[in-house]
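Next up: the structures, one after another.
Paired with subunit B in one complex and with subunit C in the other, subunit A is shared by the two complexes that follow.
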Partner chain A sequence: MYGFEALTFNIHAGYLEAIVRGHRAGLLTAADYNNLCQCETLDDIKMHLSATEYGSYLQNEPSPLHTTTIVEKCTLKLVDDYKHMLCQATEPLSTFLEYITYGHMIDNVVLIVTGTLHERDVQELLEKCHPLGMFDSIATLAVAQNMRELYRLVLVDTPLAPYFSECITSEDLDDMNIEIMRNTLYKAYLEDFYRFCQKLGGATAEIMSDLLSFEADRRAVNITINSIGTELTRDDRKKLYSNFGLFYPYGHEELAVCEDIDQVRGVMEKYPPYQSIFSKLSYGESQMLDKAFYEEEVKRLCLAFEQQFHYGVFFAYMRLREQEIRNLMWISECVAQNQKSRVHDSVVFIF
Partner chain B sequence: MSGQSQRLNVVPTVTMLGAMKARLVGATRGHALLKKKSDALTVQFRQILKKIVSTKESMGEIMKTSSFALTEVKYVAGDSIKHSVLENVKNASLKVRSKQENIAGVKLPKFEYFTEGETKNDLTGLARGGQQVQQCRAAYVKAIEVLVELASLQTSFLTLDEAIKTTNRRVNALENVVKPRLENTIIYIKAELDELEREDFFRLKKIQGYKKRAIEKQVASAKQFAEEQSAEKVSLQQGISISSAHNLLSAAAHKDEDIIF
Partner chain C sequence: MEEQDQMQSSIEVEEVEEQQREGKRLEEENVVRFLDSLDSYVTLLDSLSSTLRQGWLELASARQSMGASRINGALLDLKSHSAATSLQVTHHDDEILNQPHFTLCKWASSKNGYGDEKLRENKLQTNSDGPQLRHRSQFAGTPEKIPETKGAPLIVDDQVQKERTKSLSMFGTLVSPKLRAAQLSFETALETLVEIANVRLTMLSTSDQVRKELEGTEG
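For the complex of A and B:
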């Protein structure tokens, strides 16, 4: 319901929205990124970061700093922020916040399933999982001896159960390529999230549906481009596209039959919002496509903060933080590998 | 090692001399052949050294590029992509085979890599990062190529080094120890033989001398006897045997008791 949110939103979610906006003010700015890009060593980076919100997390690290440590600690900060918000949230905000992390949960579950299939050690697998996607019963997944048990366990213990039952039966788990399984799950998750947001209504529904449609479309384009020349059939490809977004349904038809990048470009240019993305690329080149997508996403995420009284700000904040951590990882790796000339290739400035 | 080479302890006979000469000829030929082998190996060695230097330089470049490709993958597809790739692997799809190559008689090992089995990871990063993953894969395959080549070059380098050292050791041994020893032995044998010959000769001469003197003595005594005989004959003709006359006189010199006067 438009307009009446201003009356009641602050009762339940006012505090958390304020927190999120405070966090957003702590995101690194272009000036910070410029400083970081000028660093010569990882210790310089650590010094610069100590002036930002990451300071307390990095200051206890011993001196031969490694890029993975930087990324780990920054992710830790993100997890702390998230957990703080989650504890304070009430329904339906708490469900919304949980939905944000289902993507990582899917990655973790798929990782453990693959690892168990190939008989790897459970503890190692658990260490490699993303912290945002951990849930209590994740350790039980690794106990499974074969695929049948795994399916049973997954159905029972995880919050991802409905996605599994919708799209995969137990036989499929054996043969199906891991990537296809991951993408099928992710598709189900996106659609579920979309429905949930629609149910919430109001500004949340509007803003989130815009953001989620962009995500779905971007995934569709990526799947198309990455499956050109592989053994993925057109029907399989179509099954991986979500059933919402700008491309649904006609764009999907066209994308499913594309065989090379220029055809994909042709399809995308029919949709005005995406024309600007492809205009940045020259013909035949697809390396910069991912960066162009990230830039577009960041633009839309920042726009979400312009409105008040909706849950989209939480989603936007999480995604922006992830982008910032990606930027930090890129800068640290460039500095560590002595490739400073390539730094500006992939850093996406948020402000 | 003694400063001057010794000689072998052999019985200095003519057959031995023949045997030693044959050995010397063998040693000389062996020395020439080994020297040629050493030269050929050294040429190969230098070539391999040049190739190693250039390969190492390119390896530095290539490793840098491939790590950077990995960073790009991590950027686009998230940090956890390397875990999902690692967990999805059962066997290596790129393997290395070794075979032997024969260079100037030295067996050098050579490595080559081959792909075995289809990799199931074609669809990695389907939703995002797929392109970067494939590029990173190509970069690392190239890196492996260079590394395998570098490995075979370095092993051949080491093996050749060993071989050259051994060959040179043999050449030097032949040149400085075996041949002088054989030569000395031959000289010794010849010397001994000469000495034996000289001894023989000397002995011969001495015996000749003895014989000559013996003959002379015989001749002298024969002459004397002949003279005496002729004298006897002459005296007999005159009625007295000189010898008996002599005997009478001499007997008269002895006092016979029976004789009064």
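For the complex of A and C:
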């Protein structure tokens, strides 16, 4: 049962909910995507985006444009929106908003550590980091030789510190350890975020538990598919699954032993909410699975806006913007590579 | 006496005609060979173009699936390591086709040294001088010579798969199937490139022969 949020929510978060709903109205529509899909060059894309909320971010970019430039500038728009909401937010909304960025923080940590292992310049790596995941001491990650040092020197003062308890070892960092570290951190982060939302209660808990459960289930499926044919053992694979979600615990037992995509399909089809995902795919096919997952995610995120007085709208907006940026990246790549016939392979319409 | 002279001259005329027919046949063979190699060359160029387009799109698809932070140029490994794939240049002893021949050695294991090189079976060539190994990687040291052998042992499929996974590990060990598909596409493109080089050599060689024959005929 909800706890009378309608009486008190607007006192602290009413302004920001209105702001985020306004931002939602600025998301690209199907008509916008149809225009973008017909562009011949990246400059055409820039011209079409000039009439959208991305216009001011792209207008000063010189030709010739690159796909990464378009993605970077569109991401800046997302970052500006987020920072505006964060600086206006009070507790517990500010903590909720910070939780949304921890995933990017984990990605940045892994990027710096992997790049350092490959003897890349730290400045070059910092330029590739996602702006939402930056923190003050991120450059110091380059000096760590193992996870214990990583934690002791840098991460102990960051929000990721609690997530390191399961993966602190003195083993030197290598590709496999880094991959396990990435997934273990993300698992711990998702579980922590889930617990936090449950503590908030009300509509936030209900809506966010659905969204985060879907995220956990999707990650379980992706980890399974990506680890097929690798040296990751079944036990190690199972340890990377989150301890919540529709698949927990019996679905995880079955996913851990899957050896091909059809076995994964067999597991997912036992769960009615996920039957529609695989119904779009033929047997043995995995190429369109990502798009099917994104479509399902977008449907759930849009439904979050149907209800008021909860924090799920902020999470939903951030995720929808990220999906929009992914769409723009894909359209730009297809235009740049002169493969417009494939543009609809990965574009997910939001409205 | 006159009859013997006549028979002698008719035999000589037949021999000359036979030589002329033989010469024409060889000319036509060379022309057909040139046209065949030209057709193969054009077909392979088209195949290379479509394979590369597919590879680049699969890479973009993998980037979209895994995220830009996981697939970008900043993760490429700058540490010194030996080439996983190298190009062998061999020289034919054939008098007619005195030209080099390219062979791709894919996924040669750096740990096992020379014993596990995989050669393409239909392109395997050896000669008494031994092949001159050229390293395609910029990180390799001085060029190495492999011992003279009549044939190289084949790497088993799982060893090849391990080498493929090792190459992709710079992007992480749990990568999307799309990235693996992109790797296969670029691998196929590399094979096609080597085939194009060989076909181009044949085409240029037969083209030279046809031109010489035409010049000889005109002269």
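Throughout what follows, the second predicted complex is superposed on the first by the 327 of 351 C-alpha atoms of A that agree within 3 Å, B and C clash if a C-alpha of one lies under 4 Å from a C-alpha of the other, contacts with A are read in each partner's own complex, and residues count from 1 in each chain.
Quick note on the criterion: a contact is a pair of C-beta atoms (placed from the backbone, for glycine too) under 8 Å apart; a residue touches a chain by one contact, two chains touch by 3 or more.
Note that the structure is a prediction, hence the values are computed from the model and not measured.
Visitor: Could you tell me whether subunit B and subunit C fit or clash when both sit on subunit A in the superposition?
Guide: Overlaying the two structures gives a clash between subunit B and subunit C.
Visitor: By the touch definition at the top of the document, which applies to A:292: first (subunit B), second (subunit C), both, or neither?
Guide: It touches nothing on subunit B or subunit C.
Visitor: Between subunit B (first) and subunit C (second), which, if any, makes contact with A:115: first, second, both or neither?
Guide: In the superposed model, A:115 contacts both subunit B and subunit C.
Visitor: Under the stated touch criterion, which partner chain does A:219 make contact with: subunit B (first), subunit C (second), both, or neither?
Guide: After superposition on chain A, A:219 lies in contact with subunit B alone.
Visitor: Examine A:185 and indicate which partner it touches, taking first as subunit B and second as subunit C; both and neither are also allowed.
Guide: A:185 sits against neither subunit B nor subunit C.
Visitor: A:125 contacts which: subunit B (first), subunit C (second), both, neither?
Guide: both
Visitor: Have a look at 9-17, 27-35 or 99-107 and say which bit of subunit B overlaps subunit C after the superposition.
Guide: Superposition on chain A puts subunit C right on top of 99-107.
Visitor: Report, in rising order, the residues of subunit A that make contact with subunit B in one complex and with subunit C in the other.
Guide: In subunit A, positions 68, 71, 107, 110-111, 114-115, 118, 120, 125, 128-130, 178-179, 182-183, 222-223, 225-227, 230-232, 286-287, 290, 326, 329-330, 333-334, 337, 339, 342, 346 sit in both the subunit B and subunit C interfaces.
Visitor: Can you check the complex and tell me which residues of subunit C touch subunit A?
Guide: Spelled out, the residues of subunit C in touch with subunit A are 53, 56-57, 60-61, 63-65, 67-70, 72, 74-79, 161, 165, 169-170, 172-178, 181.
Visitor: Would you mind writing out the residues of subunit A in touch with subunit B in their complex?
Guide: Within the complex, subunit A touches subunit B at residues 68, 71, 107, 110-111, 114-115, 118, 120, 125, 128-130, 177-180, 182-183, 186, 218-219, 222-223, 225-227, 230-232, 240, 286-287, 289-290, 293, 326, 329-330, 333-334, 337-339, 342, 346.
Visitor: Can you list the subunit A residues touching subunit C in their complex?
Guide: Those residues of subunit A that touch subunit C are 68, 71, 107-108, 110-111, 114-115, 118-120, 124-125, 127-130, 175-176, 178-179, 182-183, 222-223, 225-227, 229-232, 286-287, 290, 326, 329-330, 333-334, 337, 339, 342, 345-346.
Visitor: Over in the complex, which subunit B residues touch subunit A? Could you list them?
Guide: For subunit B paired with subunit A, touching residues are 64, 67-68, 71-72, 74-76, 78-80, 83-84, 87-90, 120, 122-132, 135.
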